[in-house]
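First chain written, first letter: the chains are A, B, C, D, E and F, and each begins at residue 1.
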Amino acid sequence: MSAEHIAGRVVFLNGEWVPERDAAISIFDSSLIWGDAVFETTRTFLHEPFRLKDHLSRLEASMAASGIHAGVSQDRFVELTSELIARNRDQYEPDVDFSIVHQVSPGVDSRYREESVTECASVLIYGHPLTKMLGEAAPWFDYGVNAVVPRQRSIPSRLLDAKIKSRSRLHYQVANHEVSLHGPDARAILQDEDGFITEGTGSNFFIVRDGELLTSEGRNVLRGVTRDTVLRLGRELGMPVHEINYEPYDVATADEAFFTTTPYCLVPATRFNGVPIGEGVVGPIYRQLADAFIEDVGVDFIAQAKTYAGRLAELG
Amino acid sequence: MSAEHIAGRVVFLNGEWVPERDAAISIFDSSLIWGDAVFETTRTFLHEPFRLKDHLSRLEASMAASGIHAGVSQDRFVELTSELIARNRDQYEPDVDFSIVHQVSPGVDSRYREESVTECASVLIYGHPLTKMLGEAAPWFDYGVNAVVPRQRSIPSRLLDAKIKSRSRLHYQVANHEVSLHGPDARAILQDEDGFITEGTGSNFFIVRDGELLTSEGRNVLRGVTRDTVLRLGRELGMPVHEINYEPYDVATADEAFFTTTPYCLVPATRFNGVPIGEGVVGPIYRQLADAFIEDVGVDFIAQAKTYAGRLAELG
Amino acid sequence: MSAEHIAGRVVFLNGEWVPERDAAISIFDSSLIWGDAVFETTRTFLHEPFRLKDHLSRLEASMAASGIHAGVSQDRFVELTSELIARNRDQYEPDVDFSIVHQVSPGVDSRYREESVTECASVLIYGHPLTKMLGEAAPWFDYGVNAVVPRQRSIPSRLLDAKIKSRSRLHYQVANHEVSLHGPDARAILQDEDGFITEGTGSNFFIVRDGELLTSEGRNVLRGVTRDTVLRLGRELGMPVHEINYEPYDVATADEAFFTTTPYCLVPATRFNGVPIGEGVVGPIYRQLADAFIEDVGVDFIAQAKTYAGRLAELG
Amino acid sequence: MSAEHIAGRVVFLNGEWVPERDAAISIFDSSLIWGDAVFETTRTFLHEPFRLKDHLSRLEASMAASGIHAGVSQDRFVELTSELIARNRDQYEPDVDFSIVHQVSPGVDSRYREESVTECASVLIYGHPLTKMLGEAAPWFDYGVNAVVPRQRSIPSRLLDAKIKSRSRLHYQVANHEVSLHGPDARAILQDEDGFITEGTGSNFFIVRDGELLTSEGRNVLRGVTRDTVLRLGRELGMPVHEINYEPYDVATADEAFFTTTPYCLVPATRFNGVPIGEGVVGPIYRQLADAFIEDVGVDFIAQAKTYAGRLAELG
Amino acid sequence: MSAEHIAGRVVFLNGEWVPERDAAISIFDSSLIWGDAVFETTRTFLHEPFRLKDHLSRLEASMAASGIHAGVSQDRFVELTSELIARNRDQYEPDVDFSIVHQVSPGVDSRYREESVTECASVLIYGHPLTKMLGEAAPWFDYGVNAVVPRQRSIPSRLLDAKIKSRSRLHYQVANHEVSLHGPDARAILQDEDGFITEGTGSNFFIVRDGELLTSEGRNVLRGVTRDTVLRLGRELGMPVHEINYEPYDVATADEAFFTTTPYCLVPATRFNGVPIGEGVVGPIYRQLADAFIEDVGVDFIAQAKTYAGRLAELG
Amino acid sequence: MSAEHIAGRVVFLNGEWVPERDAAISIFDSSLIWGDAVFETTRTFLHEPFRLKDHLSRLEASMAASGIHAGVSQDRFVELTSELIARNRDQYEPDVDFSIVHQVSPGVDSRYREESVTECASVLIYGHPLTKMLGEAAPWFDYGVNAVVPRQRSIPSRLLDAKIKSRSRLHYQVANHEVSLHGPDARAILQDEDGFITEGTGSNFFIVRDGELLTSEGRNVLRGVTRDTVLRLGRELGMPVHEINYEPYDVATADEAFFTTTPYCLVPATRFNGVPIGEGVVGPIYRQLADAFIEDVGVDFIAQAKTYAGRLAELG
């Protein structure tokens, strides 16, 4: 990732293409004042966005549910995404994939508008290389992460719907902060107030028991696109698949566990609150699903992570 | 408020004084990614900030509770505030007071930092004239607002502490959006899941019953500085004052009610879900407290609102 | 519906057949003092009661669960129902169907009994023409209603079991009152304290998503007889049918929605809190199920509603 | 209480004075259909109503909170009450006091109104001699009752406000039914879902500990008028008085306990779930408060109960 | 059961085989100080332990979940169990089966250890004849028990996991004590705070409705081994089997109900809170499942209970 | 603490005085089977028990609330305590105080009683020197402990009353285990499900703010005797004292904090979840209260701890 590349990337911001380095949001924007921006993160595989329409469809649902109007149609979002990739194509190494973020907020808060303008959304689209994020995660694919439950609980969807992907998520950061004390391979996995396991702070969670695949019913969680893909792959592989309420006891007595998330795809969790899950190693069902996922998307994301890790090491 | 004045205002942003118009936050700032910025809003009376140290002390508590480090001492914040006022003094009309915002976030999210920098907070301080905000509120002081309870409930402090003044408050906007359907003088007043009245979306709420002053105990609410001042004034005026749990039934059967909030000071509420509170007019206890407040701060905020309203009308 | 007809209808009240106009309950009856009456409402199709035995069986369950003894057997209730229809047959226009209500309470409250009588239930059976109720609803079948969630929540079944069809339902009226502010086509749809959608105030609710039929699991809801019929019809039509917990988010993102209720059968809901559901029009799955229902009961209830509406218009 | 007297009593029902025996509510009245009637029960002392204005003021609050309009002013209610007493005066023995009930419902449910009448409330006022009710309770004043907590919990005020005195109270009857299995001197005392003791099914509850008087804070309870009188008397007698949340543990370890309720005034509870409270006898603080109450109202309600018991025995 | 036999039984306690009569735990053992022992109870059929490995596997899960280390492997537990049976074989009548308990606690509480020993678990294994326990239960198999819901609720698994079989269960005893007032054939059946039926105090509960077998989902319950066997047998017999949330209403309207528990296998419940379930007699589905169970384990536990009852009567 | 002394101590167990080393509870005792023992721990100051009658009175309340009958009167408990001290007096160094435990359980579980004996409680009284417990705590008085909130929450008193001091407290051990990962000076401080701070695992907790003394209202906590003493001392010293609900935010922003507990009296907490409270050192209000406590009991418990620490060091 050389300096000139960075310097060259552009992002779409409120109707204009601006250099990524300069891309900034007014201090009076509602997304900063109220945290009321909604967004989506997809990633590319071989520079093609993964299930873009599904992500945009969820973005639309998030906007509807929080009363935000982008003033941009789904088709236009697709076009802009293509343009983003086209404009930046020679800014990425050929083997470097990137995440793509679409974000919408209501724009400048009405109290700070000097003129009596009508509502005017802020729309932001950018693509950021996965080199750093994925490279740093490379060891996780060999050793698995430690899924740690912090004191911070999920906010129930009746109060702040986790199915709406918004920027109001200080509680995720509180959870991340708490869990960071357990070492660099600890990842937060939240519990709701009923005691059920819900999701990570930006990811979904699966457990494997007696060959069956279990994940939280889609209530106090973001219904992740990768989660959806893994459920489909599990079914295609003949695994019984259940979306249910489950608890820490079930994780502690599971055979395997893993996170799903857009940039990392599937990440094995080999410990739960520091205690090994099953044998404490990356398990066969994980491997089977990861292989199926790799075949599905056409990119070996694990190999990719290791390649990026090497590049990060070179950069020092 | 003439155009040249606006053009001239400066804000403090990450160590520099920049024009307010250009003040913007990187799209990779943690405050935008996670909504994990904390802030304070005070206002001036005759260009002097109101209880600045109390606001800064609460800012420090918010930072501590959410694990954010400003890298700026309380004393330095006081100095910067003085400098803000000094630099902008000739940008405000002499009779125009302004709100002052201090905001801190952890800065650019680590996943987006190109170089391996250590944590580096974003610090923002700005002062914004109250002309528009207060001018638009002028009729409220004569007729009172309609306090409306939306379906959206307060998030309990055990999940996201309302005592921490943060930017993760999409739920406030959902509440505001819901209540806006009840007309321009409807203001949201939230209930928690126990059914208790908590606070407005950026304000506290009081009711008066049989000459006694009641407000929510300081649990699922921001413990407002103006709230604190009003409690003191009530005591000084010989009113029994209670911080308790109270319910919609108590508001519906109250004699008077009002909001407290930094920019508007005390705003009478004469209706509750559209039904008159008591006689449905601005009440004597409100007037008594508003007078005491005016004497305390040295500015007649009601007259000020009307002056600003006139100016807004002129600007058309 | 001519005046002489009305004058002629009789109801069964505590062992006697009395004119409907004079039918009244003692002010000391327990149903008035404590709201502890249970009841059932069925309706006729072509003057034949719909699933009478199922309704009477649920009445028996309601009595058992609330400790009320009718002193009248299920068979006797069937006989009395036949007699009700026979006695009133020439009081209805041939094309006018009617609702049939069976109601039981413990009778006069013991504190108000002058003599030391043992417990003596009040039993009431009446049949009321659907002309007004159904006629007023005629536009709903063309345009759909607006399903609005009020602040009033369902009372959880552990406190007052919604599966017991009782007259203690002030909370339904509070909900109806709240929702009535949203216009004449707004119908209340309740949420429980977990945030799940439960039922209308005397109806069940269904959503359609990707060709699947979803309704609330039978917990904090009355397990409606029409609901049961629609579930059966859905299965017969090859639709996947789920009784699950679902939330406002699911309604907001559904393709279609509708209410089921005895007098109106199936009523389409085309808006949710004022926002269109799917395309905002009566949908194909609704039409398919309504057609199946019409075939099942032998009466086109939609055409019937329009006929009645015409008659109401004539009556002016 | 002779037969001719009963025959002679009249009640006020929807604008007319009708014989009590014939007083009945239409089977289509909203109070029967939805349980949405609100009411008040006061009693006389020497044929003078006890704190009538306070009861009527609470009736007004109940109407406001449940959206019912009586169409009758507070003053008119006072007049009607005087008229009720005057009309019935020679129907009561001179030493027989009576309860007075004021009840309001929205009247015939709109779906059952033949003509398009506007809303038309049902208003009911009656006075019923306390002979039976109070006579049967006579032994309680000597031996105390057994306060029993049933499984049935209070419905929290956020769902159905206990402060609104309504007829939707099937749950009270379920509680009464459950408790009746513990013998004739068992009276239900409810717990809310937090585990706090709330109220009886139509009464308030007090405990005495170390000379201090404690009763539930006025949240999930009816804020009883007798409760209010007892709190005042306690204060006048120099007792520390607390309105707090308290639990079964506090009752089990209390020195004394008693119920307050309009017809019975103060009833000692000497057992809790069958286990003696303190010494298990009527205690000194109860006696002190009962004496003060007797002095306050000018009638020895305990002696009265015994007189009535004798009369009931004569009537056999 | 003769005296010499009792005198002769030995138990395994902390590495030694000691006479059962002398087997005792130090007053400083953590199991007594904190109630932090976990255990399993299986029983023999023809002196062979029932599903021993499943019980030991659950013991291991209980230890893991509560942080207790036995220092004894699963294989060693199996060996010790064989040795227990071998050592005691001639202490039991040939037709007397026995329960087998495996219990582990962390041993003497560290604050009471005189020397600085490292953690040293207490391990206890004993086998106790079922003569008394099962003999006393003999009438239940003919008449069924009365399943009574006490006020005491289940502790939710998020606070004290019912899936961990521990000795901290004072709340079970409180429930048992409460229910014992309903007569000798009353058995406690708990409800959780959501109102769902969970389990007995050491047993699971099933209901039968329309030929379908329902039991609580495995959340706030011990996932019993006999429960698991019955679920399997139900499936093998072609019954639809559901692990779901169900409520008192469902029990009250069920056709049959029964408890499962290790020593008693399957016990019919013919009443619920004193009211007959279905016909109020032992039902056909129970009989079918009991027969299948008898075939599965090779012992007619009902006949066995009656034999033991006869022996108890002789001992009288 | 020499070996002969230990060998010589005796305890009261079920009517007999037995050597402490041999004191053990039958494996069939209900306290082991169900964790249904209740107990009290007081300590001596100069070999005199501290507030013995208050402890015994609470023991009686615990027995009453859990349905356990000791068969031993309060007076007899006092006598036995005197005898315990007398019998063991020469077994303690003159300057070594000891804790005194009184424990009662229902005795051998009825299912394991060979003969049909009636209920027969187990009663246990012992005195254990504080040398080890207090000596190990010596550094806490200089540096304060780290009060850490684990994920394990308090069980609400409606489910298992913390005011009943029982042995069913596995959840305390789970909390202790969790917190032990934060180092040897970390002590658990629990939160209830409302988010309020309740108590330590066998201690109460106080915070100091602006010179006021705050502790949890006595709901989900053991109402400790030392807590009660400290409240009295605070009042005598002129401090405003409040028993209220408070939250982690209040601890994080407090000036000082400390635990109270029988053996350690008052222990300063200088950190909360690892973050300094106030200045992070033992504070002046703590010192003032500790001094008052020392004067009250006549023993400098801090000096005592240090003396014991020295002795432990000698013993190696």
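Simple rule for what comes next: contacts are C-beta pairs under 8 Å (C-beta built on N, C-alpha and C of every residue); 3 or more make two chains touch, one makes a residue touch a chain.
All figures in this text were calculated on a predicted structure; none of them were measured in a lab.
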item	value
Both-way neighbours, i.e. chains that touch chain D and touch chain C	B, E
Chain whose average C-alpha position is farthest from chain C's own	F
Inter-chain centre distance, chain B versus chain F - centres from mean C-alpha coordinates, in Å	46
Computed distance of Cα centres, chain D from chain A, in Å	59
Averaged-CA centre spacing for the pair chain E and chain D, given as whole angstrom	48
Shared interface positions of chain D, touching two or more other chains	158-159, 164, 191, 193
Topology of the chain contact graph, where touching chains are joined (line, ring, star, complete, other)	other
Chains grouped in pairs wherever the two touch, ordered by label	A-B, A-C, A-E, A-F, B-C, B-D, B-F, C-D, C-E, D-E, D-F, E-F
Contacting residues of chain F [partner chain B, same complex]	191, 193-195, 245, 247, 249, 252-253, 275
Contact footprint of chain D on chain F as seen in their complex	61, 64-65, 156-159, 161, 163-164, 219
Complex interface listing, chain F residues touching chain A	149-151, 191, 193
Sites on chain B touched by chain A in the complex	6, 11, 13, 20, 23-27, 30-37, 66-67, 111-112, 114, 124, 126, 128, 132-133, 152-153, 155, 158-160, 164, 166-174, 177, 193
